[in-house]
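Residue numbering begins at 1 within each chain, and the chains themselves are lettered A, B, C and D in the order written.
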Amino acid sequence: MKAFADKLFLNIFHIQAADSPYLALWYVLMMFLVSFILLNFAALFAGIASYVERRIAARMQNRIGPNLVGPQGILQWLADGLKMFLKEDLVPQTADKFIFRLAPYFVFAGLFGAFVALPFGYGIVAADLNVGIYYILAITSLVVVGIISGGWSSNSKWALFGALRSAAQIISYEIPTGLSLMLVVMLAGSLSTQSIIESQGGWPWEWFVFHSPFTLAGFFIFFISSLAEGNRVPFDLPEAESELVSGFNTEYSGLRFLIYPMAEWANLWVVGAMVTLTYLGGWQIPGVRLETIPSSVLLFLISITIFFIKTLAVVFIVIQLRWTLPRVRVDQMTLICWTYLVPIALICLIGTMIWMLAFPWKSVFGTAIRILMSTVGGSVMIWCMLRARHNYVIDKDRFEKLKGIPAWYPPWKLP
Amino acid sequence: MKNPAKVNEAIRHLKPQAAPFEEEMSLNFGPQHPSTHGVLNFLVVTDGEVMHQALPNIGYLHRGIEKLAEMTPYSGFMPYTDRVDYLAAMFANQVFAMAVESLAEIEVPKRAEYLRVIVCELNRIASHFIATGALALDLGAVTPFVQWLREREFINDIMEALCGARLTYNYMRIGGVSVDMPGDLPDKILRFLDHFEPIIDEYNRLISNNEIFVKRLADVAVISPIDAVNFGLVGPNLRASGIGIDLRKTLGYSVYPDFDFEVPLGKGFRGALGDAYDRYMVRILEMTQSCRIIRQALEKIPGGEYRANVKKKLKVEENEVYSRVESARGEMGVYLISDGTDRPYRLKIKTGSFTAMSIVEKASQGLMVADLIALIGSLDVVAPEVDR
Amino acid sequence: MKPAEVYKLLIDRFGEDLILAYVETRNPYIKINNGYVQAICTFLRYNPSTKFAFLSSISGVDYPQRNEIDIVYHLFSPFLNTLCVLKTSTPRDLPELESLESVWKVANWFEREIYDLLGVRFTGHSNLKRILLPDDWEGHPLRKDYKEKNSYHDMETMRPDPLKVLREKNEKSGKSQ
Amino acid sequence: MKENTTIIEQGVIVSTIDGVLNWMRKSSIWYLLFGTACCAIELMQAGGPRTDLDRFGAVFRATPRQSDLMIVAGTVTYKMAERIRLLYHQMAEPKYVISMGSCANCGGLFQRSYSVLKGIDKVVPVDVYIAGCPPRTEALAEGILKIQKIMMREKWLKTRGTKRNFI
């Protein structure tokens, strides 16, 4: 960002930024601008994601979903958010009032802090930290502080349950997350998010996920454990609605409650972007090495689009999982982590090391395996899509045959 | 101490409350809780996530139906029976009608019996929809539940075409049923069954064979056959423990002996015999059998009267009877004492959920809090049936 | 085995002091002495020729004119496919009976329900408390002479008859006109 | 009204802001998941495919703190009534109550029962009554539309603070 700010300064004022007496002021100004943009992006994404998730869920359940607030219900998230904003802000009498009020901000800071190091396209990142991955892992851990303090200070047993579950869960799953990220760091030789993407390529066989069987396993471990860290189904234990009423946020209302779901949906983007940038090739355009050619606006835009598409695809899968799977039990949650994910991640780490030495990136065998794996992976994806299409057609047929019994129309035939 | 009030006062202090457990947390679970299936309350004593005990506290929906029966004429009591078990109202209708018919020695026409069987089995399917779907919902999977709601709407439509109500049918009458089947209804029911039978497989693919779901239910809250008998479990819960008592077979009431169907038993599908998964799976399998019965009944249904000639103001001689049917939640009994007037002297309704609730205290020991939900869901407890 | 045969069996085993009568109704019942319920039920449950394994229900019936409360036990034997109905009476002023909890666990809740609604006290019961009604409820509703209280805590229990209210309103307005 | 009133006091801006506030409140009704008896099944069905309350932005919440609307669906006994009052007080303002079904309205079929509360309006203030035993899902949807109409009539800026003091 610093380089970008300097360049912008030069373009606007035609002096080197370093020579200007207003350097500090300029940087502060830029900082505010960037954080304003990021915050807005995150909040907007959280809002729209909530609407989209409800529509997808409705479609999966043969419903329609919110469609009356604004055109096709697109303003639903705005109404929800503003309503919560203005609702009475209750603080239970027996709560630890200071911590109760403070807790949501930890969650807020933790998640929105992660956006600083996340790239959006070639060269578009608020701060290309040289410890980017490490920074994201560290700052998202603040979330658990917020959840625990929120649950504990509510002085409600349900909230306490949720908070303690969350503590066990997020701290356990830090380990497989970290280990599976190590694979990528090892392959890229850097912790910076941009250079991890730069060391991958645009074609699927140049992504880290298909580098070797070990990285494929690592990809799934990373995906599962980031679901767990984001409290998504099947790991939504901290707020398990049917068990703990509403988990750690049981006693929250109004604006303070609003922050929790907002952070949860913003976290969707963090999960999607992290998976994309570490394993799925980030913003790389197939056949083009962006760092070797002169920059052009078109390529910038294409790289942003590619990054967004990949991220949103991951987000879509996460949403689909949420509305399909049941929730695991709390002991199974820790069991999955400690007896499966951690050992497998360790094996993958060692395996990848050996693979890297035995079959370097450009070796024939390594490339052949990469191409083979990516072909198989792609075919599986396409098969899944065709299967979904097939089921959809069957479903349509099936309800045709029931004409006369129902006073009900499938959503796609609503009068 | 002749005064009952004083006696009660004395009894109340006979057993003082147990001393609070040390290093244990007691948690008030319900009555307003998303997975208590109505208004049930449990005092859960836990040590962290592990539960030491869950003490059920019922009566939040005690509506005094038994007392109301003493104030209501026989024919007027039918709507109340709907509300005894709103998920399977037909069975309560039937058991009450059977009791009165037995006392008043009324012969029910064959066609009425067949109609009763058809609607009862449809109702059984509808009830198992909620039982199995709500269990999935409690374990965190929303979509299967909504899928069953979608299918349930078709049954509601069929019922509505038949008797005009979606939930509390009030379809049966003493001596038969209220209205005959409309001409196009058999076709509708058959089309629904054709549509529905493949959906069971789809549902199994969606949730029954889901590994997380299986792991959540298998080997959880195992009820041994001995416990099941001791605690008086009935119906699918009892059969899941491997005891094959189905009143449709053992008593052979109504016209059930005419049909060819199997009684699915629990056999430890994915874990121990009598675990939560068995109780779930028995219900899924029962749906298929109900479809079979409906198909046969629609084939064999005779013509003729659908209702015997019964006086409007029915008076019954002094007598008593205990009639039972196999409801969706197991044996449902009505103990009816008549005294020669037009209203019952005493009517006691025995339900499956009441006894199923009493086992919670025993079966919940040592489970986790999340398993309690699986236990309640798999027992398929409905609040009004517990409290009446 | 029919209920009549069960009666014969019981008479042979316990004699006429304990087994009082056999009454033909739609479901014939056997009247037994109220002091020996537990012994008779244990016998019926574990005797290899009867095996009444299931306690189907326990009901209580109030008879103010006899000044007695009848307790009715419905036992079911899948082995014989027979329903056996046992009936016993206990005085209404001080109703007391043996608990069957040691024979069938399910009796626990059935007896609590009867205690709650009819006020019969069961000796040897492990947890005889109200089950359906709140702990501070007064009276036993299923007794024939039960009178509803005017209020429970601060909630009125009566609602004015809407038709009556409407009529009164009409009359008033009619008068004012 | 005084003579020299400003535009704000005349209510032009006030009513616009009120309109916006009301619009978002009515567009996002989160109801408390609280079924007591038979009507609860119809309440579930209303969330299902055919009626789909989600269209109006109405979703269920399990905790009273975050819900705007309490749908009391079904018979309420005295034992339960005290819990209902507690739940009502736990909800955050602004809050509304729908009484669903005859039992909740007036005791319905169980009016003569010794343990049933004859109408929940003896315990909590009710905004909309839905008749039926049980009401159809469409009736419930209409009840929600009625609540939306009531919400649109609210004047938040004129009546500050808690507007209802009941019990």
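Please note the rule applied: contacts are C-beta pairs under 8 Å (C-beta built on N, C-alpha and C of every residue); 3 or more make two chains touch, one makes a residue touch a chain.
What you see is a predicted model, and the numbers here were worked out from it, not measured in a lab.
Participant: Return the chain whose centre of C-alpha atoms lies at maximal distance from the corresponding centre of chain D.
Facilitator: For chain D, the chain whose C-alpha mean is farthest off is C.
Participant: Hey, how far is the Cα centre of chain A from the one of chain D, in Å?
Facilitator: Between these chains, centre-to-centre, one finds 36 Å.
Participant: Calculate how many whole Å lie between the centre of chain A and the centre of chain B, each centre taken as the average of the chain's C-alpha atoms.
Facilitator: 44
Participant: Taking the mean of the CA coordinates per chain, how far is chain B from chain D in Å?
Facilitator: The mean C-alpha positions of chain B and chain D differ by 31 Å.
Participant: What's the distance between the Cα centroids of chain A and chain C, rounded to whole Å?
Facilitator: The answer is 61 Å.
Participant: Could you tell me which residues belong to chain A and also touch two or more other chains?
Facilitator: Correct list: 61-63, 241-242, 245, 407-408.
Participant: What positions in chain D touch 2 or more of the other chains?
Facilitator: Within chain D, residues 48-50, 62, 79, 114-115 contact more than one other chain.
Participant: Can you pull out the residues of chain B that are in contact with at least two other chains?
Facilitator: Residues 33-34, 59, 62, 64, 67, 146, 150, 153.
Participant: Can you list every touching chain pair?
Facilitator: A-B, A-D, B-C, B-D, C-D
Participant: Chain C touches which residues of chain B in the complex?
Facilitator: My answer: residues 1-2, 4-5, 7-8, 11-12, 14-15, 58-59, 62, 64, 66-67, 102-103, 227, 229-232, 245, 250-251, 319-322, 324, 331, 333, 335, 337, 345-346, 348, 350, 354-355, 357-358, 362, 387.
Participant: Applying the document's contact rule, which stretches of chain C touch chain D when the two form their complex?
Facilitator: 132-134, 141, 146, 148, 152-153, 155-159, 162
Participant: Taking the touch rule as given, give the residues of chain A at its contact with chain B in the complex, in rising order.
Facilitator: Listed in rising order, the residues of chain A that touch chain B are 57, 60-63, 157-158, 161, 164-165, 233-234, 236, 240-243, 245, 323-332, 398, 401-402, 404-408.
Participant: Using the touch rule from the top, collect the residues of chain B that touch chain A in their complex.
Facilitator: Going through chain B, the ones touching chain A are 25, 27, 33-35, 48-49, 136-143, 146-147, 150, 153-154, 157-158, 184, 188, 191-192, 194-195, 206-207, 210, 212-213, 215-216, 368-371, 373.
Participant: Which residues, counting only chain B, touch chain D once they are in their complex?
Facilitator: Touch residues, chain B against chain D: 31-34, 38-39, 59-65, 67-68, 71, 79-80, 83, 86-87, 130, 146, 149-150, 152-153, 156, 166-168, 383-384.
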